[in-house]
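Both complexes shown next keep subunit A, but they swap its partner, so subunit B is in the first and subunit C is in the second.
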Partner chain A sequence: MIKILQVNNLKKYFSIEKIFSEKEKIVKAVDGVSFSIKKGQIAAIVGESGSGKTTLARCIAGIEIPDEGEIFFEGKLLDFSTKEKRRKIQYIFQDTYGSLNPRIKTGDILAEPIRYHFNLSGEKLKEKVKEFLKKVGLNENFIKNYPHELSGGQRQRIVIARALTMEPKLLIADEPVSNLDVSVQAQILQLFLELNLKDKITILIITHDLRIVYNLADYVIVMKDGKIIESGKTDTIFLNPKSDYTKNLLCSIPNSPYKNQK
Partner chain B sequence: MRNIIEIKDLCVNYKISSNEKIYALKNINLNIKKGETVAVVGESGCGKSTLAVSMIKLLPENAEIFGSIKIDNEEILDKNNQQLLDIRGKKIGMIFQEPGASLNPVFSIKEQIEETIKIREKISNKDVLKNIGLNLLKEVGIKDEKRVYESYPHQLSGGLQQRVMIAIALSLSPEILVADEPTTSLDVTVQAQIIELLKKLKIKRNLTTILITHDLHLALELCERIVVIYAGEIVEDGFIRSAKDAHHPYTKALFEIIPDIKKKIKKFKVIKGEFPDMKENFKNCSFSGRCEFSKAKCRRYQPEVVRVGKNYVKCFYPLKG
Partner chain C sequence: MRNYIIKRLLLLVPILFGITLITFSIIHLTPGGFTTVNLQMDIRTSPDSIARLKSLYGLDEPLYIQYLKWLKRFIFFDFGNSFLDGRPVLIKVAERLPATLLLNISALILEFFIGIILGVTSALKRNSFYDKSITVITFMGYSMPSFWLALILMFIFGVKLNLLPISGLKSVNFDFLNTGEKIIDILKHLLLPVFITAFGGLAYISRYVKNSMIETINQQFIKASYAKGMPENIIIYKHALKNSLLPVITLLGLSLPGLIGGSFIFETIFAWPGMGRLAYEAAVNFDYPVIMGVVTMAAFLTLLGNLLADISYALIDPRIRYK
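Moving on to the complex of A and B:
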């Protein structure tokens, strides 16, 4: 299979300026990370908070500019100079409420990017908006709602629909279900699976919930302190974890079957 | 064993406007024995946190509360705030979801732990207070207790903050510990540590522990007895270890929507439909609209609680398991 994304030796450091101390503290959020994702895969980045998974994803999406290293997307070195390139990688944030403008109706939230990227207007635009709503399992009446009138799960669907309007090749989802109820989580995750299956979108999901990873992802990247500890096919990582860190993560799953094996 | 908590026909409504009410809890009957570990499981908005705060009568002003809650045979609902002080903290210790929000950012941990003991136990000797405080921190598994004792909340990680909250909850030696989503904002590994700590404390102090959570697997990790709440009603109460022990369709569905880690299926099962509107008082089974086994009777009448095996189930057609 073709690699859709290749990351080589990526580094992103943040310096924390202390006004009254001489020394500058540097946080190595991403510290020399290399991996690749194949086209059509669902990959997952797991790790404790502070392990650099979000920073890594933000670098790939072009929200952060890496200090060192290269990112190849569809075989070409990534730069975000044109809107065409930007379009193909979309990002879904954890906080659905913060991702949507509270003063704009959901229909307009979806219409804006479509108008901008596809030069559609009038009836055609409306049709397109409804098409995307349908794709994420919402009916067309939702175009008249404001974000606060929707439930968390519905808002996350709108956020996903907005990302899909760009017809992305790679969808990055940063903890997309951690704010949602268990029953709603399953619905959103099923939607991700369907998007991957039907629309052949490659998905990179960041999560700390290993139960989700096991059932969703084909490929797993385990991160700690900005470095990749282990990566491989989901089954390999779960059945035969090499590092103690991964084993510890697996044992930490509530009601984990791994605990007895320790 | 005697019952330490006896809840009978408890109803809690929240008034939201002159003619609208949210029926948060409906006819809750729950007895908990001393030393038992019980998990209350349900989706958000099902009333599980309301149940937790009802036990110490810490409800907001717009709440109406009916029925009876007896702690050690004493009726809680008749007590005024002064009398409730004997219950709050001393009988029932409570841990809340967000440790960061529960601690006061401008006071050190030392001050926050000592304040409770100073006021409630009337101890004023500084050395004695410090000794009690440091021992509490040690008890909740904090290794460098001296540093933590002098720290401010923002200097501590989420896991440490939650341990401090547990220490404060234990400072008046309660018999019952109510933990309302104690690990939701924490990392998986830290979550495992906190649950391990709760297990240890339960044995060491012979605590009656009530865990409020939406995570069924977390509940199974700590508790034997599981109480499942749906739309303000207890739908199942009993000893549940897996989907096979579930007799109520909702409990079974809850098991199924959580991805399995033993068998990979690459599919996420969903419960169809939406959570019901809590502004209505149901005349039928509250789960009937989403239940895959529901029949005409379920949509028309309210089921009674029946005993199936070791469990109590509120369903016309309980599953055989």
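Moving on to the complex of A and C:
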């Protein structure tokens, strides 16, 4: 399979300035990370909070600018200079409520990127919006609702639909189900799986929940303190974890079978 | 929403009642009085004539009777006649109001227009040289006494350069001008007072807008808009600005009562025939009906301004719903 994304030695540091001290504290959020994702895969980045997984994902989505390193997307150096290139990588934020403009109705939230990227308007635009609502399993009446009138699961679907309107090749989802009930979690994960199978969208999921990874991902990247500890096929990592860190993560799953092995 | 508005309007009645009661008590508790100022200093006045004067104006009756009488007239929007010249309070106010409104509304529009632009642009270029210079300039306007600035500008533009008239609303030859020249004449007279009033308020608005804008552009949905690839001006002016206008609505609501209450010092310097001077003259002369009239109208507008601000919150932000 072809590599859709290749990351070489990526670095992103943040400096924290304290008000009353001259010293600058540097946080190495992403510290020399290299990996690649194949086209059509569902990949997962796992790690504890603060391990740099969100920063890494944001660098790929172009929301943060990396300090060092290269990102190749579809064989070319990543750039977002045209709107055509921009729309191919879409990012789903962890905080769905915060990532929706509270003053705009759902229908307009979905219509805006379609209008801008595909120059549709009028009836065609409306049809397209309804089509995407259907795709994420929402009734078309939802176009009249404001974000605050929706439930967590519905908001998550809207955010996914918004990302899909741009017909991305790579979809990055930051903790897509961490704020949801378990039953809703399963539905959303099912939706990701469908998108991957039917629409052939490559998906990169960032999560700390290894159960999701096990059920969904083909490929796992384990991160700690901005570095990749190990990476490989899901089965390989789960059956034969090499590093202690990964073993610890696996043990932290409730009712984990790994606990006995330790 | 409709029930909420009706409820709020009904609530205005007791609040307004309370305000008039307190104002009435305070001005009558103040040492001295209408008759003192006019007559008691003069040793030739007999106690008899003072008593006659008091009964003429109804000041000899107990305070609560006087208040009830005032209230009875007020219900029919009759504020009584001025003690000084015997003309109805409403007419006196109506004479002075246009000048004050003209000045304050022009200043308010200018202030908000420039303030919002400055706020937005300095939020986008935070901590830049531009941002810092805007902060310095607007705070200069805020902290400089307006009467001092008025005098300096009058000296420069009126006396030295002889470009602008230094005072009043109209030129002496106003009645002999044609319509176009009349408008230009009034605009010329407005320029300095409007500029000085607006300059003083810029810091307020631009600060509010800037902070609110910074808060908004750091929110996730703005980052999400960038990730969608939307062009910057759509993100800033459609998504961010609309969301950061809430504090501006509050400010707008709060400045509504200020529209009719002119500043006394300012109006005196510019010889502006406005409300500020009317209120001052009334207060100095214990002209009770005029004081009561001006205060009640200002109080009503303040309450109305707050109500309008609350209603427009709900119009602007769909998350806010009143019950």
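Convention: the second predicted complex is superposed on the first by the 262 of 262 C-alpha atoms of A that agree within 3 Å, B and C clash if a C-alpha of one lies under 4 Å from a C-alpha of the other, contacts with A are read in each partner's own complex, and residues count from 1 in each chain.
Keep this in mind: contacts are C-beta pairs under 8 Å (C-beta built on N, C-alpha and C of every residue); 3 or more make two chains touch, one makes a residue touch a chain.
Just so we're clear, the structure is a prediction, and the values are computed from it rather than from any experiment.
Engineer: Overlay done on subunit A, so just call it for subunit B and subunit C: clash or fit.
Structural biologist: Overlaying the two structures gives subunit B and subunit C room side by side.
Engineer: Does subunit B (first) or subunit C (second) touch A:His148, or do both, or does neither?
Structural biologist: After superposition on chain A, A:His148 lies in contact with subunit C alone.
Engineer: Per the contact definition in the header, classify A:Phe14: touching subunit B only (first), subunit C only (second), both, or neither.
Structural biologist: neither
Engineer: Centred on subunit A, what angle do subunit B and subunit C make, from Cα centres, as a multiple of 10°?
Structural biologist: 80
Engineer: Touch check for A:Phe93: first (subunit B), second (subunit C), both, or neither?
Structural biologist: The second partner, subunit C, only.
Engineer: Nearest CA pair across subunit B and subunit C in the overlay: distance in Å?
Structural biologist: Superposition on chain A places subunit B and subunit C at a least C-alpha distance of 10 Å.
Engineer: Would you mind writing out the residues of subunit A in touch with subunit C in their complex?
Structural biologist: Against subunit C, the touching part of subunit A is residues 61-63, 80, 83, 86-87, 90-91, 93, 95, 98-104, 112-113, 116-117, 146, 148, 162, 166.
Engineer: Along subunit B, where are the residues that touch subunit A in the complex?
Structural biologist: Subunit B residues touching subunit A: 43-44, 187-192, 195, 214-218, 220-221, 253-254, 257-262, 264-271, 274-275.
Engineer: List the residues on subunit C that touch subunit A in their complex, please.
Structural biologist: 219-221, 223-231, 234, 239, 242-243, 316-319
Engineer: Quick check on the complex: what are the subunit A residues that touch subunit B?
Structural biologist: It comes out as residues 48-49, 151, 181-183, 185-187, 189-190, 193, 208-212, 214-216, 234-235, 238, 248-249, 251-257.
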